[in-house]
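Both complexes shown next keep chain A, but they swap its partner, so chain B is in the first and chain C is in the second.
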Partner chain A sequence: MSAVALTFFIIRLSGDPVRLMLPPEASEARVSEMREFLGFDRPMSVQFIDYLKGVMRGDLGKSLYFKQPALELFIDRLPATILLAAIAIVLAVVIGVSLGAMAACRKNGPVDYAVNAIVLAGQSMPVFWIGIMLIFAFSLRWHVFPSSGNERWLSIVLPAISLAAYPVAPIARTVRSSLLNALSENYIISARAQGFSETQIIFRHALKNAMLPVVTVIGLEFGSLLGGAVVTETVFSWPGVGRLVMTGVLNRDFPLVQTSVLMISLVYILVNFVTDLLYLYIDPRIRIDS
Partner chain B sequence: MIVVLAIASFGVRFGTAEAASGDAKGLKIVIARPFDIVGLDPGFLTESAQVVDNIFETLVRRNLDEKLEPGLALSWKQLDDTTWEFKLREGVTFTNGEPFNAEAVKYSIDRVLDPANNAPTRSYITTVKEVKAVDDTTVHVITNAPDPLIPIRFNRYPTEVVPPKYAGEVGQEKFAQNPVGTGPYKLKNWDKGSSVTLVINESYWGDKPEVEEVTFKAIPEAATRVSALINGEADIITAVPPEFRSQIEDSSTAKLSVVERGGNTVYVGFKTNVSPFDNVKVRQALNHAVDVDGIVKNILQGAAVATNSLIGPKDFGYAGEPEGYSYDPEKARKLLSDAGYPNGFEATLDTVNWYMKNTDVAQAIAEQLKQVGVKVKVNNVESGVYRTIVPTGEQSPMYTLGWSSTNTMDADAAIFAVLRSGEPYSTYGNPDVDALLDESRSSSDQERRRQIYAEIQKRVIADAPRIFLYQENTYYGVSKKLDWKGRTDGSLPLRTIKRAE
Partner chain C sequence: MKRTRVKNKRKGLISGGCLITVLVLTLFAPVFTSHDPYAQNLENILAPPMTASESDGGIALLGTDQLGRDVLSRLLYGGRTSLLVGVVSAILCGMIGSALGVVAGYYRRVAGVIIMRLADINLSVPTMLMAIMIVAVLGSTLFNTILVLTVTGWVSFARVVRSETLSLRERNFVEAARAMGVSNFRVITRHILPNLSHTVITLTTLQIARMILLSASLSFLGLGIDVSSPSWGGMINDGRNYIMTAPWLSAIPGAAIAFTLVGINIFSDWLHENLG
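Moving on to the complex of A and B:
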């Protein structure tokens, strides 16, 4: 709820949607007429209470820019973003866990350092830069993937890779450190004594026990993916909520931005709730009575 | 994964609009622009009319040379000071079968003028008092006061003609989603947030266009847009930033279309009632201190044309290139000294990303002003904030602004709003210039209007309410398979796009 209140006031202090809706040469009289028409001439507290009443009724208002119910717009674009984020997180987990495991196996060796460098690079490159480089390489030079849009299944490849680049780093690092912890546990020593190969030890025994902190990180990163989607979707012209939010902010579309922030907060809470449930599944010690 | 697949199969639409210039039969093309399309009702647009102007038509239109020619009206003339008569084309129908007639014109204008409908671009036609349907093919437009710009107003949104019966039945919101017009194209498909596809209107009254189907896509990022063009995913792209010019020119698939001085006339405005900018000598001094040619050559790489003209060369009222202030720091220092600022002063220059390389240009100006003792701090302002602070006068006493005749191609739109005292974007006020500006809006004698604009030009240069900079070019990227050139009025008439020879 505090996110809702914060958004409500911050966006109202940052510009005037009325002037953005009218042609620049519109007169002052026309501006105040439009402001009155939209109800923005009322005191902010009155507007806020009105807004809260609407939220209680499930009415989140109508987008000023698109002139459609804000919630409808958001829900319409949500599947595209969830699909993108889900594929990105799967990619990030596969790459991140492999890199982390490789690094842990060859601790302080050249592989470890190489992984560290890759991880660092992935985290420090801005998402939009990665995106544009991917477009230059894979669509302009080698013509493998389309540069933008959503017409073909192949269209999702580049945005998913560029969105995955950031969460790879924290996942790989967490896997590495928690795997190293696990590898020093007694049951690993006993597994070694029984003559299991190192690969078997890591994937059968250690990794499973090292997953708990990793799941936490993945849950948290999913939230940051939704943020990264704003940039990725703009670069690749992917029709999801990220671009919707961008359009909303640029046009000071109060109802649209408020709705988006509210809904994204809900998604974030939901993802973290699911993560918590996953603990129960992964770590039997957390289950209290069973 | 199951969740993912479920979402994919339910929600995400992978359309069929395949990019590339078509097959042997009909030509199908893709046009990529930076913005989404939000509504297709020309009476209530908050965006450019590039797309709707292919579905709808105005009474007057512009030909390939961008001169006015008959559109839905066959002819027009001024009957008296406040009455214009339009004779309409016969036998035209909307794509839903409704007939086009004088009643339709009246309906289309009335709904925009009706204050209850709160149309965003109503101000474009507020000089209109009433539209009278004299008979089926005759319309009289009555204005509140003499208005020489009526033919131009009826060439531009919001005056496109809509079908009264259908528009009235479905209401404003539905109409904007399912538009029906008389134009050469009609709406085929709208994938919200992604693309709009238009297809040829088989019953169009005019010549059949070569392009069968057009998909308008939104690609906000310029680098992506340029890649899509070169890659063949788009056939025409708008808003090419100057730094991508060579990439397009060097490609084997696309060519660059340059509209010289097709963009804004950019300047540094002064708040002429704020010290020290209330002193004309200071304003003149700063004009002498800035090397505009150098900025255009070195920073903009020739993507603009240095000019002292307030009006673009293709606009009505253009009177050639007037003499202005030469680059002469010595003279600048002397003028500052005469004005009582031998050691210069400090000031802030606001700028915004609406203009090419705005920050670099502002920094260069600051650097050059420093040479004459004026220390300028550059303040980059976010776009939405700038749109709020400039019209309310909350910007710094020096600020970047650009203006153009947009799609009217008349001096009125290019200068009135930024020079007439009391207008939201004007920080200048000279009673003589005000009187001339007012006369230019009411004189029906076009020769007199020409003289007025030449006179205004002269006075404004002497008063120097701004640092005169340059007019930007605009750039389009066009597939080599097509024959089309960008236009000064910024429109994209699909019927003029042809296959390359």
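Moving on to the complex of A and C:
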């Protein structure tokens, strides 16, 4: 609901959205004709109520550029982005958790420092730059992966890697610190005393209990992942919702931008809701309390 | 104990070195490069790094771009904009976010609820998308870029500062001050804010890094300040079309961003360890 209001008012921040949609040389008559056509001549409150009614019915307006309902366009493009984001998040979790676990096992050793350096580098490089460098190395120099499009499954490799690079850092750091906490608990000492191997202790006992904060981080990082998707999809010409947003921005197609940002925000809110539900699954104590 | 002290010193030295290098190079850009970052030289385009150009007699240390402009000078002058945008918007975020956070934590009822509601609304739209949308509507100028970064960035300060204020306000010294009849304004400015300064300073340095990344992403998407004036994100985007023939055009500004951010990140880590 708040996302609906926010996207509605940001678009109207400029005062006159019609002027933004038309080229600057458009005549005054054309502007007022367009304004009337789109309903921008009515009072703001009436527009907002009408927009809300539309949202309730699932009618989010029509794209000016594609001449299609904006929601349909969005839904068409959504699977590509979900696929990309899902692979990226799985990749980030796998890499982040293993890096964090490795660092925690060898605390203050060379491995810990190496992991720290990798995390720092991942955090400091812009997503789009990583993407461009990957294209340069793997598709132009060595011809391993295609640089754009989504015809073959191979073409998802590079976008997924560059999108995954940023969330790896916070995940690895959270895993490391929460695993270190878990490793000092009594049940670990008792597991050690029972003669379990160190790998078993980490994976069967400690990691399971260290996952709760990690899930929170993953949910939060999903937001920056969705934002990063706009950039990554632009770099790799990946036909997802991120590029739809940029197409909308570049063509001054505000109904499209509004709808896309709104729907992406809903996805984001939904993901965070699901992570909240995941707590119940991971931590039985919360289930019992409520 | 000794070991950690040495480690901290090393962190301080590394990050300080990085940051001083970047600051000196960008602030005193004219000392290090004699080329005009805007001057085009169509006879000498896409020259690789370290080639001597015949037409103007100088050496293009980092090569030239598709319009024959000197990459080194664009890098240094572009760095000024990136750093300015990052530092100014991070400080604005820090001031606005902390002020709202303190108020929200101190006056928990009406003001607190309103401010935290605003923060939740802000968080419901991913930062990058909100920034794209606002810039697309308002147009891309230096002022708007800083505005957008501030509007999207104050929330993280407000949340952290609020939770610290909530715990500070229950402490004995605050209660004592209130019992002695000190006004709320004085309690906040003299007793609560000084205790928040470490957190806010550490958060601000981290925020500078985030703001530089975000503004670079915006200029990469063509929503940056002004297309012709140099900026690191914009340079990476320009170089994209020449990636096969002139890979350094994108590689160099990206490396500059990474170098600066590594410095800032280590520095904020070091601050955190030493202030905390």
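Here is the rule we use: the second predicted complex is superposed on the first by the 251 of 290 C-alpha atoms of A that agree within 3 Å, B and C clash if a C-alpha of one lies under 4 Å from a C-alpha of the other, contacts with A are read in each partner's own complex, and residues count from 1 in each chain.
Assume a contact is a pair of C-beta atoms (placed from the backbone, for glycine too) under 8 Å apart; a residue touches a chain by one contact, two chains touch by 3 or more.
Note that the structure is predicted; figures quoted are calculated from it, not measured.
*Asks:* Which partner does A:Ala88 reach: the first (chain B), the second (chain C), both, or neither?
*Replies:* Neither partner.
*Asks:* After the superposition on A, what does A:Pro146 contact: first (chain B), second (chain C), both or neither?
*Replies:* A:Pro146 contacts chain B only, not chain C.
*Asks:* Which holds for A:Ser224: it touches chain B only (first), chain C only (second), both, or neither?
*Replies:* After superposing on A, A:Ser224 lies in contact with chain C but is clear of chain B.
*Asks:* Under the stated touch criterion, which partner chain does A:Ile135 make contact with: chain B (first), chain C (second), both, or neither?
*Replies:* both
*Asks:* Which partner does A:Leu99 reach: the first (chain B), the second (chain C), both, or neither?
*Replies:* neither
*Asks:* For A:Thr234, using the defined touch cut-off, is the partner it touches chain B, chain C, both, or neither? Pick first, second, both or neither.
*Replies:* both
*Asks:* Based on the superposed arrangement, let me know which partner A:Leu120 touches: chain B (first), chain C (second), both, or neither?
*Replies:* In the superposition, A:Leu120 contacts chain C only.
*Asks:* When the two structures are overlaid on chain A, which partner does A:Ala164 contact: first (chain B), second (chain C), both, or neither?
*Replies:* neither
*Asks:* With both complexes superposed on chain A, which partner does A:Ile202 reach: first (chain B), second (chain C), both or neither?
*Replies:* So A:Ile202 meets neither chain B nor chain C here.
*Asks:* Go through chain A and flag every residue that touches chain B in one model and chain C in the other.
*Replies:* Shared contact residues on chain A (touching chain B in one complex, chain C in the other): 14, 20, 128, 132, 135-136, 140, 234-235, 246, 249-250.
*Asks:* What residues of chain A sit close enough to touch chain C in their complex?
*Replies:* 2-3, 5-7, 10-11, 13-14, 17, 20, 120-121, 123-129, 132-133, 135-136, 140, 223-224, 226-228, 230-231, 234-235, 245-246, 249-250, 254, 257, 261, 264-265, 268-269
*Asks:* Which part of chain C faces chain A closely enough to touch in the complex?
*Replies:* The touching residues are 120-130, 132-134, 136-138, 209, 213, 216-217, 220-223, 233, 236-237, 239-240, 243-244, 247, 250-251, 254, 257-258, 261-262, 265-266.
*Asks:* Please name which positions on chain B make contact with chain A in the complex.
*Replies:* Of all residues in chain B, those touching chain A are 1, 3-4, 7-8, 10-19, 36, 38-39, 46, 115, 118, 120-124, 173, 176, 191-195, 217-221, 223-225, 227-228, 230-231, 233, 382-385, 387-388, 391, 413, 416-417, 423-425.
*Asks:* What does chain A use to touch chain B in their complex?
*Replies:* Listed in rising order, the residues of chain A that touch chain B are 14-16, 19-28, 30-31, 33-34, 37, 65-68, 76-80, 82-83, 86-87, 90, 128, 131-132, 135-136, 139-140, 143, 146-153, 155, 234-237, 239, 243-244, 246-247, 249-252.
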